[in-house]
Structures are given as structure tokens and as C-alpha cells.
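Presented sequentially are two complexes of chain A, the first with chain B as partner and the second with chain C.
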Partner chain A sequence: MNFVIEMRRHLYILMLFAKNSIISQMEYRANFVTGIFVEAAFLVAKLLYVVVVYKTNIHIDGLTPDTILMFMGTHILLTGIYMGLFFNNFQRLTEYVRTGMLDLMIVKPISLQFLVSVRHIEVGMPIPNIIAGSIMVSIGWSASDIPFTLLNILLFIIFIFIATILTYCIMIIPPLLSFWFVNTSAASEISYSVWDANNMPKLIYNKWIQRIGTFIIPVFIVTNYAPLIVLHKLTKVEMVWGILAPLIFFMLIRMLWKQALKYIAVQTCNFGCLRKGEEESL
Partner chain B sequence: MTRNKYVVAFRIGFQSSLEYRFNFFLSLLSAAFPMIVQYYMWTAVYANAGEKDVFGYSYREMIMYTILAAVVSKLVISNIESSIAEDIKSGGLNKYIIQPIYYFGFRISSYIGQRLMYFTISLCIILALTYILNTFYSLKTEEERILIFCLSIILSVILSFLISYAICACAFWLSEISYFFVVTSLLINMMSGGIFPLEIFGERLQQIFRLLPFHYLIYFPVNVLSGKISGHQIWQGIMGQGVWIILLLLICHLVWKRGMKRYLGLGG
Partner chain C sequence: MKSAIEVRHLVKNFEYYKKEIGMRQSLKNLFFREKLVKEAVNNVSFSIAEGEVVGFLGPNGAGKSTTLKMLSGILHPTSGSVNVFGYTPWERKKQFKQIFSIVMGQKSQLWPDLPAGESIFLNKCIYQVPDADYRRTLDELSELLDVKELLGVQVRRLSFGERMKMELIASLIHKPKLMFLDEPTIGLDIISQRAVRNFLKYYNEQYRATVILTSHYMRDIEDLCPRAILINSGTIVYDGELKKINTHQDEKKLIKLHFSEYTTLELLKEFGDVKEFDGFYAEIEVKKEEVRVSMQHFLYRFPVVDFTIEELTIEEGIAKLYRGSA
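Here is the complex of A and B:
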């Protein structure tokens, strides 16, 4: 019961954050439009892979270019979701740590992890990715002769939701490292590279890369499992892992978050003691 | 003892580059991921195509291009836009206007200092990769080709700096500039062959790209080293790089001269 109340409260606050973000972004319309253009440019770079897939008529383990398009569309769709929900917040998290803003946020009567993860929801930037990703999935879906049933749509949406949780777990790691290290730009660069490397079906990689990308850093679940489930190519083991993975990785991230907070608390305490000592010596 | 001010700028740039060296190695590591994706993608493509060339490249040439282009793009990328734009926006240029130093000279000296260590390391990595790929595919890269590659990559780095410096002048006219640089650097990377070889764009777009300086940044040096460009085309390319350097020096001079007339010097 308590869990349901808390869930409802957090959902209500999430809606308030979204409303607040839209209002603040409408204030700076030029930035809003520029954000869309920037993402459109990144989308063009991603679409180069689609050009290669169709021009070379590549077939991967029985997947036709149309089916591959569905995987690429899912990747672009998830990129849009990530840009909308988390990107802005993760960028700011590093700044919160560096400027000491996090110390002020701790006192707010809400889960700190929730607050820093979804406080600033981006509306403009995800638009090109979400539109292009949805169109690509639709084209790939229809061209691959996947039945357009309610069950298939529901399964696809469930695995997109699972992918969103895993996206959160993977992409929050570099900003979390900023609790320990000052400059984490290269770690972020690596995470973006890993993310972009996920734009092709996992079947193009060898078995070891597939295992690492599924069980250790579960990026392949993000892009592959939603199309694979509707293509009836997801094995039972993969299906179970697809359901367990978000729970396991979210718990791991929660533990890492608590460790990071403990570290910050110790640093703040040390700094406070140092200041007190300095003041006393004066 | 009098010290040349540009040597001092170079030394400061070099020292600052040593500060975040671990970050540099991690950023090199990030180049490995697109390399891996493309390696497996092209392997699947050529497995379908058989012995046939794809976009005019054999399998070996394509793999060599993919691997070398990923490292070369890290090497030639300048990343100076945001700091120069910040100088323009926040009035940081003021101190260079009143001091007896040319802003261009200061920036290029500092840039060379910042890139020197990374340039040397990246060059060693490229040469090591070429040796490994040659051994793996039983190929041979002539010593002259390596020397010409080194020359062309030095010219690419200068060209990259000048392109960025010319683009930075847009900060005199545009109010919000950070997004603009993200788009320009991405487009430049695409048009210079940093993501895929230019052949994938088709004949018509490729001809347009050849009229622009960008293909001299990555596409040209990589193909010189891989052996795809040979004979008189190499020297034509080197000449092209030289001509574009001169043209861009002129463009930089003109746009910065006009830009400085608009400069308000707010803040600083």
C-alpha cells in the first residue's frame, strides 16, 4: 500500500517536472529549435548506416535489410527517449557535484536519485529521433511481415520500457563517476560510443561480444530484445534475462548511488572539519 | 633573458595537455567502438558480396580504412571552437587586443603545444596499426608512402585548425553558438570521411565534397596510407591541402577582420 502511494506521488511529481520543463523551454524558443536541429544532424549521421545497409543489401543471420531497419529504428527511438528523459539530467549531475549544488538538493523531501535523474525533461531534442525511430520501426515491422496484433504491440512496448530502465542504468554510470573523479568527459565519450555501437543487430558480432553486451554491460538488450520478441527469435533464457536484467542492474545502480553519496558525505565532513580547524587556528 | 611570447604560449599549451593525459587515452579508447561496429558490419557485407568490391573497396581496403579513419579523426579534430567562442562572447579577447600579441599566433602556438604529445602518440598508434594490418593481410606499405602520409597528416592538422578558426568567427554574429559547433563538427566529420568512406554518398555528392577542403582532413591521408590513392593523385592531394591552407588563411583573416568590427568586448 505504501509502495503504491509512493509510486503515485513520484508519478505526480514527474508530471510536474515535465510541465515545469516545457514551460521553461518555451521561454527560450530559439534554443528549443536549435536543439531539434542538432539532434537532426546526429540522426543524419546515424542514417548513413541505413544507407549502407540498403545499398549493400546486407543479410545478417537471416535478417533482411528491412528487419535490420527495425533494429536501427528501435535504437534511434531509444536514443530519443534517453535524450528526452535522462541526457539533460545526467549532464547536470556532474555540475551539481562540482558546484556543491547536490548538498542543497539532499535536504529536499524527495528521493535525491529521483530528483537528479528526471528533474529536467527535454522536449525538443528527442522529437527527430522519436519520429524517425517510430517510422523506421513501422516500415521494418510491415516489410518483415510481422502480424500487427495487440499482443505483439504490447510485447514490443514492454521491452521498450525494459530498455528504458537499462538505458538509465548504463548511461548514469559516467556521471556517477564524477563523485570520485573531477573530469569524466572521456568516460562519457566511451558510454556514448558504446551506445552508438548498439545501432546494429547484436547478431553481427561474435559470441563473446554478444555475451558481454547482454550479461555484463547489457546494451544489446536495449536495442535487440524488442524487435527479437516480435520476430519470435528471442529464446526462453533470453526472455527471462530480459525481465530480470532491469531489476538486477537497477539494484546495482542503487547500491552504487548510495556508495557515491557516502563518499560525498565523507568529503563534505572532511572539508567542514578542515574549515573548522582553520577558523579555530585563526 | 627574453622569451618569445609564442614559445611561451606553446609551452603552456603543452603543459596543459599533460594535465588530462588519462582522459586522452580514454578518448582514444572510445574510437575503438565505432571501429568494432564497422569491422563486423563490413565483414557481414563482404560475406554477402563474396570477392566483389563494395563502393570500390576490397574487404582489406575497407577494414584498413575503417580502422585508420577512426584514429585519424581523433588526431585531426581540433576542439578549439568552444574556447575561442567563449573569448568572443565573454569579452576574453580584450586582453589580447591591448597586449602586444596576435590572437591567431597565440592560439596556433597554444594549439600546437596542446596537440604535440597527442599527435605523436596517435601517429605511433596509426603506424603500429598499419604494421599490424599489413602483417595480418600480408600487405606492404612502402616507406615513401609512410613519409608522405606523415606530411599529409601534418597539413590536415593545420587545415583542421584553420577551418575551426574560420568557423569560430561566427560567434561574432550568432548569439547562441554552442549547438552550432556540435552540428558543424559532425557535418565536417561526415564530409571528411570520418564515419564512412566518401564513396557511399554516391558520385554526385562525392564530386561536391571534392570541391570542399574537408576530404583532405581524413579521407585523403587515410587513403594515401592504405594505398588506395597513388601516383600523381598523391601530389595533387598534397597540393590541394597546401592551396586550401593558403585560402583558409585568407578567409580567416577576412572574417576575423570583419568580426572584430562587430566585437563589443562585453565582460572580460
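Here is the complex of A and C:
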């Protein structure tokens, strides 16, 4: 019962964060519109892959260009979701640690992980990705003759939800490392590269990379499992792993989060030593 | 009186790396880092009663903020124990977080692009304040601080003083019974400082809230805190009534002299500790029992046109304690 009440409270606060973020961002109209255009330009660059796939009529282990389009669309859709929900927050997390703003958040009677993960929701920049990703998935879906049933839609949505959780788990790791190392921009660059390399079906990689990308850093689940489930190409083992992976990785991230918090509270002066004006803040 | 805070033998050590100037040192630092330990808080013990307002004073780097962070659960101590209203702060229990609030003059919890009312409402939801209580408290606090009309104005358009008032409302919307105030008046003009002080005084009296205040403005401390805890180099050097700080010092008076002609410093030095001197004006600390004799000499030997004899200021007493313990 308590869990349900807490979930409802957190959801309500999430809605408030979203509302506050929308109001804040619309305050700066020029930046809001420019953000959309910039992201649209990036999107056009990504769409060149689609052109290449169709021009070369590439087939990957039985996947036609139409089905590959679904994978690419899922990747772009998830990029939009990541940018909307998490990107801004993860960028700020490093700042919170560096400037000591985390102090004011730690004392709030709400999950700190929740607070720093979704406090600032981006509205403008994800729009092109979410629209384009959804259209690409729809076109690929239709062209691949996948039945448009309620079950298929539900399964696709469930795996997009799973992918969102895994995206969170993967992409929060570099900013979380900033609790120990303060500046983790190099790790962030790696995570962005891994993310971008995931815009095609995992079948283009060799078996070992597929295994690593599925079981160790489950980035392939993010883009592959939602299309594969509606194409009936997801094995039972993969399906079970697809359901278990977000639970396991979220628990691991939760543990890492607790360790990170413990580290800054116990091991280092964190808010003092590594910041400008360190002596004043001790 | 019931105890609100009990601190016993609190110690906090920080590890950090030595970083010297120059490229060569930076290169060396890349491969080898010399670890140093800073004793930020060293065996600190005190207790604070419910409803008490205590000034927590000390020079920069003395350990004030670190102690406050341990009392509020932000930092874990290296050793020692803290009990705050029955809770161990660093366990960070939700119920504990509901009973206190922390205000840091140099950090803001308000969303700059939104009206302050939105951030306050967000805090209402986070602290689960019932609607009726929220409305009543918001009305009361905003009227007291005279910012009711400004609740709908974007935070970034408010003056610094108005913003601090909004910070206070946001921090107190859940009616905490304990407040940690870390330099709440820093950067404010005199009028805003006074308004904040009056408000804090009212809040303490009205709700019997326990308050720990750190501030470099003596006026804040003198107006609000009957009791002061002085900390220097991580150790408590004084814990007692603020007005008695000077009684712990040598019994001295401050003689202020104005001269009609230029006077040399050397001649004045034999009477006491010259605190200020510019040739035509001097401030000299003199032992109480020597005031009478010294004054006779001053009037007889120097071209004095005006003088006053004053008690040492609390600020001076505090500075002496800092110097004595350093």
C-alpha cells in the first residue's frame, strides 16, 4: 500500500517537474526553436543511413531494408526519449556534485535518485527524434506486413518501456562516476559512441560483441528487442532476458548509486576539496 | 529543557591530494598524488535544547559548514555520534528529513525561470503538506516577509533580498522544528538583512523552532542568538552566552582618542595594545584597572581633543578567541 502511495506521489511530482520544465524552456523562445532545428539537422544526417540501406538494398540475416528501418526508427525514438527524460539531468548531475548543489537535494524527503534523474525534462529537442522515429517505425512496420494487432502494439510499447529503463541504466553510469572522479566527460563520450553505434540491428556485429551488448552492457536490447518481438524473431530465452534485464540492471544501478552517495558522504570531502573555494566550504 | 541536538566527540577527516603550481607538478600529479588528511572537525561535543537559537561561529575553514552538514545528514562523520530529535542524521530517514530544513545563503533551491510560487508548491508536494496547511502557511509567511505580491514573479526578476525571502518561505513551508541557516543574509542590503532577522526571530518565538545559525555578520548573531558556539580549526573554543564572550578575555577597555596635532605611535604603545592609529586618531586597548592612570597620562601628555572609553565589542572578543586558539 505504501509503495502504491509513494509511486503515485513520485508520478505526481514527475508531472510537476515536466510542467515546470515546459514553462521554463518556453521562456526562451529562440533557444527552444533553435534546439528543435539543431536536432532536426542531426536527424537528417542520421536519415542518410536509411538512404544507404535502401539504395544498397542491404539484407542482414533475413532482415529486409523495411525491417531494418524499424530498428533505425526505434533507435531514433529512444534517442528522443533519452534526450527528453534523462540527457539534461545526467549532464547536470556532474555539476551538482562539483558545485555542491547536491547538498540541498539530499535533505529532501524524496528519493534523491529520482530527484536528480528527472528534475529537468527537455521538451523541444526530442520532438524531431520522437516524431521521425515513430514515423520510421510505422513505415517499416507497415512495409514488413506485420499485423497491426493490439497485442503487437502492446508488446512493442512494453519493450520500448524496457528499453527506456535500460537506456537510463546505461547512460547514467558516466555521470554517476563523477561522484568518484568529478570529471567524467571521457566516459560520457564513450557512452555516446556506444549509443550511436546501436542504430542498426545487432546482427551486423560478431557473436562476441552481440553477447557483450546484450548481457554485459545491454545496449542491443534497447534498439533490437522491440522490433524483434513484433517480427516474431525474439527467442524465448531473449524474451525472458528482455524482461529480467531491466530489473537486474536497475538494481545494479541502484546499488552503484548508493555506493556513490556513501562515497561522497564518507570517503571524501567531495563538496569541499574538489571545488573552487574549498577551504571556505569545509 | 528537552534536548533537540546531542553531539558527542564528533570527528570528520577529509582526504585530499596535494596540488602544486606548474606544468611539471601537474605531470607528476598525473602519476603520483600525495594524499593529505584535513581534520575538518575534531572531537566536537555540544547539546542544544529545543527552541534554542544558537550562533555557530568561526573563521573560514573552521569546520562550521562541515558540522552543519553532519547534523543535517549530508555528510557522515569519521567518528562520534549525533542525535537530532531522536534520529541519527546520516541514516537520512524520511521522517527526519520532514522535521528540518537547511537554508544556504549561497545556494538556491528555486527555479530561476519560474515564479517562486511554483517552487514553493513543489516543496509542498515533496514534503506532503496538506492543502489547507499549505495555504495558511504560505499566506502567513509571505505576509510577514512582505512578498505576497511577488509570489507570481519569476525568481530571476526578483532582487537578491526578495529571492532570499522566497528561499525562506520554500524552506519553511513544511513548518520544520529545526532550521540550519548557513549565512542566510550573505550579500543582502541592511534593510533586507533586518527583515530576515526579524522574520527568523518571529518564527523561532512563534513555533519554538530550534535554530542553528552561521553568519559572518555579527549583527545577525547579536540579534538572534543568546548563545554562541565558536569553532576554530575544527575544535570548539567557546560555548556559552554570547554576551559573556568578553568576560573570558582579559578585562580590558577600549579607549578612543582624537588628537589636535600629529602624534607618534611609539609614545602610545607603552599604554596598551594600539588597535588603530592614523596620527590624529587612535584606539588603544587598556587593562581596566589601568584606565584611570592611562587617561591621566593621555590628557596630560597628548593633545587630546576628544575621547571615549568603551567595552570591547563582542566581535573583538570573538576575534581574540580565534587568535588564541589558532
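In this section, the second predicted complex is superposed on the first by the 266 of 282 C-alpha atoms of A that agree within 3 Å, B and C clash if a C-alpha of one lies under 4 Å from a C-alpha of the other, contacts with A are read in each partner's own complex, and residues count from 1 in each chain.
Note that a residue touches a chain if its C-beta (ideal position, glycine included) is under 8 Å from a C-beta of that chain, and two chains touch if they have at least 3 such contacts.
Everything numeric in this text was worked out from a predicted model, so none of it was measured.
Trainee: State whether A:Gly62 touches chain B only (first), chain C only (second), both chains, or neither.
Mentor: Neither partner.
Trainee: Look at A:Ser24 in the shared chain and tell me whether it touches chain B only, chain C only, both, or neither; answer first, second, both or neither.
Mentor: second
Trainee: Just checking: does A:Val266 make contact with chain B only, chain C only, both, or neither of them? Give me first, second, both or neither.
Mentor: The answer is second: A:Val266 touches chain C but not chain B.
Trainee: Once the shared chain is lined up, is A:Ile110 touching chain B (first), chain C (second), both, or neither of them?
Mentor: After superposition on chain A, A:Ile110 lies in contact with chain C alone.
Trainee: After superposition on the shared chain, which partner residues are touched by A:Pro147: those of chain B (first), chain C (second), both, or neither?
Mentor: Neither partner.
Trainee: Would you sort A:Arg9 into first (chain B), second (chain C), both or neither based on which partner it touches?
Mentor: second
Trainee: In the superposed arrangement, does A:Ser185 touch chain B (first), chain C (second), both or neither?
Mentor: first
Trainee: Can you list the residues of chain A that meet both chain B and chain C?
Mentor: Common to the two interfaces on chain A: nothing.
Trainee: Where on chain A is chain C touching in the complex?
Mentor: 9, 12-13, 16, 20, 23-24, 27-28, 100-101, 103-104, 106-110, 262, 265-269, 271-274, 278-282
Trainee: For chain B, which residues count as touching chain A in their complex?
Mentor: 20, 22-27, 29-34, 36-37, 40-41, 43-45, 48-49, 54-55, 175-176, 179-180, 182-183, 186-187, 189-190, 195-196, 200
Trainee: Would you tell me which residues of chain C are touching chain A in their complex?
Mentor: Contacts found on chain C: 14-16, 38, 40, 60-61, 63, 65-66, 69, 72-76, 90, 92, 94, 97-98, 100-102, 104, 107, 109, 111, 113-114, 118, 121-122, 125-128, 154.
Trainee: Under the touch definition given earlier, write down the residues of chain A that touch chain B in their complex.
Mentor: Those residues of chain A that touch chain B are 30-31, 34-35, 37-38, 41-42, 44-45, 48-49, 51-52, 55-60, 183, 185-187, 189-190, 192-194, 196-197, 199-200, 204-206, 209.
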